[in-house]
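Should a chain be cited, it is by its letter among A, B, C, D and E, assigned in written order, with residues numbered from 1 in that chain.
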């Protein structure tokens, strides 16, 4: 269904890429012009994405704004785009954050501005592409394409000392998972062919496939590794602190705000509905990893000395919540997971912006180098406080809604998980507030900190626009929850239906087999 | 007016927003006036609502106003909505009333402070959260207020963030509260899973009618809720943050850490009385924890020299009383004590603030003495409050405290005995404080002495009003006389009627009055004589404390020192707050910190990242080894071809 | 005995004939050209290639044997011939300035490229082991000379010598293999062999198997599979860069064509026997190529190891032994041609006389100093690494897809893990280009029109095939129809 | 009788072949190689391949070996000096692997049974036409294309050899 | 009549001798000569097999192989001559600028 009769998703996806092309053709020296171009393009993209939100039919279960053009016919690849409630918010998050990033790096990035803006816009193309593709092949392409600009952002504009290491680690780590996924996609594709006789990468068609559980287990595992790395879940997380720490501010922002969501989105869009039996099998494992992630991330970030690293580890903790929620496999958990993806994007994105702002002023990210900033920069302190609280999950701000729904969902499916996960709430307060205290409170001990400028209007504007959503989701989350509800409900019914069907099929198969065995024995 | 209940929290919210967003452009005077006005308006609205509520027959005094659906997710739906019933209106009145007075007081107290505007912003936010907490119609919204007040407490304790101690204290308060919230969160989930809703009406109605819910679940729910309450209301084992919270401005201590926020736990337990009565084990736990806290923290107050710390321990101790009341099933008694305590403890803190104001911020009672002539208004109001807290007839504390002790006695003599002991200590340390501060010899520094003065009227007026309330506030709940206990009658629809005389009114009218409570109430009726006796005992205890304090601090000032010598160990323990903070540090804080460091620097950096980097390193190493095969000698290459050929031939020959 | 001259089916040989004549024309032309100004010779060669390409397209879709079953002109050979011709054309375009810079601008170079292309084309079309052998030798001998074309350069000499000695050595094995197969089947005609095998009941004839094994050695040598790969890095490093480019693609394409024709067509009935062996060889080849490439510091050497690895990937397609596998090899070859030639083109353009600027270190800061060149290099490297939306990705996708389809999931996993390793060393170049500051001031580049054209073709091919692979896949698919 | 000749020639071939690779002086080696080629030509005659035997002598022993000798002399090569081995295992390893190769091949060919399709040119038939004529017939009919390819091959080789060695190009 | 296997074994021996020559001689020309020996061994096989199969194809092959060998020798010797001009040596041990 495409209620707009416009290829709006294509527009959204490729507008930034075209913009990047224009920037490429523009004069390298006209830095201001390039910045404005990037801003205009990203803003235009954001504006283009608004119709998605307003024209989205919240009660329609299928895909919306669908575009489908055959691409590689004989092998069943299609250019198939469409969104539902699950992806809607993530797309908006992406289009929302890109202009913010453009503005945020206005003064920050002074060298190679042209290339920087190109990377940023190409990254946006990749990110949106991932969220709108409904064809596995297309999805995989966007999934990989997105790596390159991010890799360059980290590696070129990152922190000179270790940027290369971080960039390569990011790239290889992610690639490792996605390559396994590639094999799984191929297996799925050929399995589908062997069953239905049709070559297709169409996700909606592949949803209808009931695979034997052994297949599901392995394929799910392959997808799992890809997504778990992206999320990142507990033992696969070590690329994240490095990438975050070394990336330039907006790199970290986009990484946190959008890129990490791809893993969780992937679970929801691919991992779970394709392999329901395996999903059920792996719920304990994944939940436990998620819980370890929650607690581990929190504990480790508590003792970090570097602000960005701290926030990075806190992402591990927060994303643990999201994964836990998704694998609660009930509506609260998944709704919470989705909204928490947005929340984490907003609050952690904002946190990285904030860290970037003081980094820009002081050129250090070490907590020990700060202290007493609240006195010097009161406006900054206020923003920082609110974002910190949002990250902690203070009721009334966005974080709480997600966390509570997740915990509730988890509690319904498994009490023990919920109890352990809920301890994360305590730890979050500990490490965030301690960090806040060390940076903002106390006396100004360092001479350099005494004359720091408070936020400029530009910076206030950036943070305020994020804050609007932080409050909005906290106070009236219905705006967003209602958009996703139908899709999630539909997702769950389909999921359960398919699960039952798979199990039933398996049983029949067993019965068949045993009866055959009996026959042959006789 | 009932329909406009949402105005009650809205006014402070407006004040908060205006002060927070535009405060930096407004004048100090305007900010102060605005802050007070909005709270005043809240109070007014509450009063109007109160009278509206009184118009209704007792059985229908429960009104829900739903504003909008807050979090919808499948079968889970929570709304932003308000509940007006006797319990919440009492809380609203108390909160907005006391807050109003303290706001006014603060205008004077904080006048010189740099963070004046910030202070009022926070304070408005606090009142908003607190009112939200008490007026919410469901657990989740209550939790919003619950965390909101915690946040404000954090912000206000750490108000003077440039010093380390307040900042630390603020963080500690927040984190410890979070531990409690952990329980609250889990309780909410369990409630939802059990009853399918978080709405008070829905939950209590279901709990009352649905007998299928096992006691175990009930007990778990209530214990988890109580964990939340121990955090917020500073009970064992989570009380440690409250003494530290005294680092905040004194009006804050008065408002948040004495009168309102810390009582949220009691309010919550009272609100959930239906659940608690269905879980006897929990009630017992509540009672034991309450009384233990009362005694334990009272003991700490005995030797404290910091006037605010004395008051802080006293607060914890009094909160323990309230929980004791709830624990023995006398929820309305708990609320009653909550209310009177709000009056006199706020007064005490404000008095202490006034003293500090005069003493240039000095808190150590050893450096005070004989302040009475310098600040008469402060002295007299402080004395009234002390009398009230000590439980001397006819001040407010007498009625409420006595009622609790009586109910405790009804339930269990040991509880009563401990409660009585705590009362003795209360009386002792409060009078000790009065004597050390206002009487005796002056130990004030010469420099400070010159500036000793009575506080301005903007500060003393609230003192006087509170003093009046502390003096007469108890009369709304006169025990014994049938029908005269207006307070309990009023509350009975919510908390269940336990008290003689009110039982008939409540019987059968209420959907969720607990039946077990009723039977309890009937039993009580026969003991009027006993009750009078108990009152007498209470009075004796109160005067005993007074006398002891007089003996030690006025009559024979050397006595304390001798006692110190004699019970060195005990004194040391008490002085150092039984080393509880240190024990916590040792048991939890330090291991976690150290463990985390190990996790990070060893496990994360060495093990996990080691595996990642190690595999990369392995490939590189293999690479550098394998490339040596490439010797550059053409004959080696030929040999390699030959080896390959031979291998292939033999592969075909053998396979 | 009367001599019955078979029908001279000149039309079937049209491209080869055109090319041979062009080669000789080039030789003639070059004589009359002034010293050091031999560009026209190159253009003559290009023209010839163009005509050959056109004539190839005319042959499309009409499979036929010619010259007493000596060659088979079918879509398969035409496809590969196109790849070869494109390779030759691009190599010539890239050589013009390069040779001038190296002071070796001679028309003979182009003639030799054309001769070697003719040899390659006979290999792809060869339907008889002898034709294939002769094609292979024609190709090889020309390339031996080309590798040593920089007469005054020790590296070039060494490269030529190593290639010559080992090439001849492996040819002997190949020939021995042909002898065995001739002995075991009584014929060297591929169709004859295949017919013989399909009716033979004694499949396990050791002589046949040994012959097949020795063929494998010969082909394996040319496409650089482990353990016959040892010459590759040295020869690639030492040979003139444009020759390296030519041989890395052209030789591989031609030999794979012959390899496929012999193994997947003539020896199809022995598939169970060679499949396992190829599996092992493929894994070894991929792994060794990729792993050792990591430790390289010279970009040509690194690309040499990478080309070893790519041979491994292509073998995966062979192992899959299904229609998809074979067509994916064709597709991969096409993708690889553009990509690898492009990469070498950048290396040539960036290089300096006397093997300068060939260390990976030299690429420091190149990406920002020469943004276009950097971007091109990045595209080619990402394509080699198999990252979308480039041709390399689609190629790998199909290769591994074929493996999965045939049930070789572990092979596919090993393959993708290998490409992960490869990403590392390709990334290292981009790291140098974009993330390191230039060590010294780079001199200006000499952008010649011919090089620009070559690079544009290469990058257009790489991206076009990557983004719209459909027609090319179709082409590849049609090309294998007749083979299987 | 034929067997005797065969064995005799075979022994000469093997010995001279071994001499090729063991003699230190390149010229001696080359001369032994010439001897080997001659004896192989003898074997060809035993195999009724007179034409091949002839060109073996003319092309190989005559042309190719002369070229070799010519180059050896041109480069003024001396005896290989006994220098310390740079890759000591190469020889031992090489020889032993080569023996494996020999073993492998021998075990394959020793049976001497060929399953291949039999051709039509029986000895009688060939001798009726004459060996050379028969081969010529084949070469210019069936094998005309490879024959033409060799022409290209040779041109390429000539061009190559000139390119590489001519003083001034 | 001499059995085919005699020829084939002889051919194998010659081939192996050639292989050994390639592996042990250090002079490039000698290596080249050893390769010629290998080719001759194969030629012998071709002729013998051809004879055995009543087919003249074997002899035709030998003809082609000789052509190829001649070409190879021409080019090879050219390369070697060129090399010795530049490097003063044709000892393969010393021809290893490129390695690793």
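One rule holds for everything that comes next: contacts are C-beta pairs under 8 Å (C-beta built on N, C-alpha and C of every residue); 3 or more make two chains touch, one makes a residue touch a chain.
Just so it is clear, the structure is predicted and the values come from calculations on it, not from any experiment.
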_Considering only chains that satisfy the touch condition with subunit B, which of them also satisfy it with subunit C?_
A, D, E
*Out of curiosity, which chains are bumping into both subunit C and subunit E?*
B, D
*Farthest chain relative to subunit C (centres taken as mean CA coordinates)*: B
*Which chain has the mean of its C-alpha atoms lying nearest to the mean of all protein C-alpha atoms shown?*
A
*Write down the pair of chains with the top C-beta contact pair count.*
D-E
_Longest centre-to-centre distance from subunit E, chain (CA-based)_ = B
*Please report how many Å separate the Cα centroid of subunit C from that of subunit D, as a whole number.*
30
*Please report how many Å separate the Cα centroid of subunit B from that of subunit D, as a whole number.*
103
*If you average the CA atoms of subunit B and of subunit E, how far apart do the two points sit, in angstrom?*
97
_subunit A-subunit D separation of Cα centroids, rounded to whole Å_ = 70
_Give the residues of subunit C touching no fewer than two other chains, as numbers and ranges._
130, 134, 137, 141, 144-145, 148, 151, 160-162, 165, 169, 180, 182-183, 186-187, 206, 210, 233-234, 295, 424
_subunit B residues counted as touching two or more neighbouring chains_ = 616, 627, 630-636, 638-639, 642-643, 645, 649, 653
_Shared-contact residues (touching 2 or more other chains) in subunit E_ = 8, 15, 18-19, 22-24, 26, 31-32, 49-50, 52-53, 55, 57, 60, 64, 68, 71-72, 75, 78-80, 82, 92-93, 95-100
_Can you work out from the touch definition every pair of chains that touches here?_
A-B, A-C, B-C, B-D, B-E, C-D, C-E, D-E
*asked:* Help me check something: in the complex, which residues belonging to subunit E touch subunit B?
replied: 19, 22-24, 26, 31, 92-93, 95-100
*Okay, in this complex, where on subunit C does subunit D touch?*
1, 3-6, 8, 13, 20, 23-24, 27, 66-68, 70-71, 106, 108-109, 111-112, 115-116, 118-119, 122, 128, 130-131, 134-135, 137-138, 141-142, 144-145, 148-149, 151, 160, 180, 182-187, 192, 196, 200, 202, 205-207, 210
_Contacting residues of subunit C [partner subunit E, same complex]_ = 130, 133-134, 137, 141, 144-145, 148, 151-155, 157-162, 164-165, 168-169, 171-172, 175-176, 178-180, 182-183, 186-188, 233-234, 237-238, 295, 301
*Once bound in the complex, which stretches of subunit B touch subunit E?*
627-628, 630-635, 638-639, 642
_Which residues of subunit D touch subunit C once you look at their complex with the stated criterion?_
104-105, 107-109, 114-119, 129, 133-134, 136-137, 140-146, 149-150, 152-153, 155-157, 159-164, 169
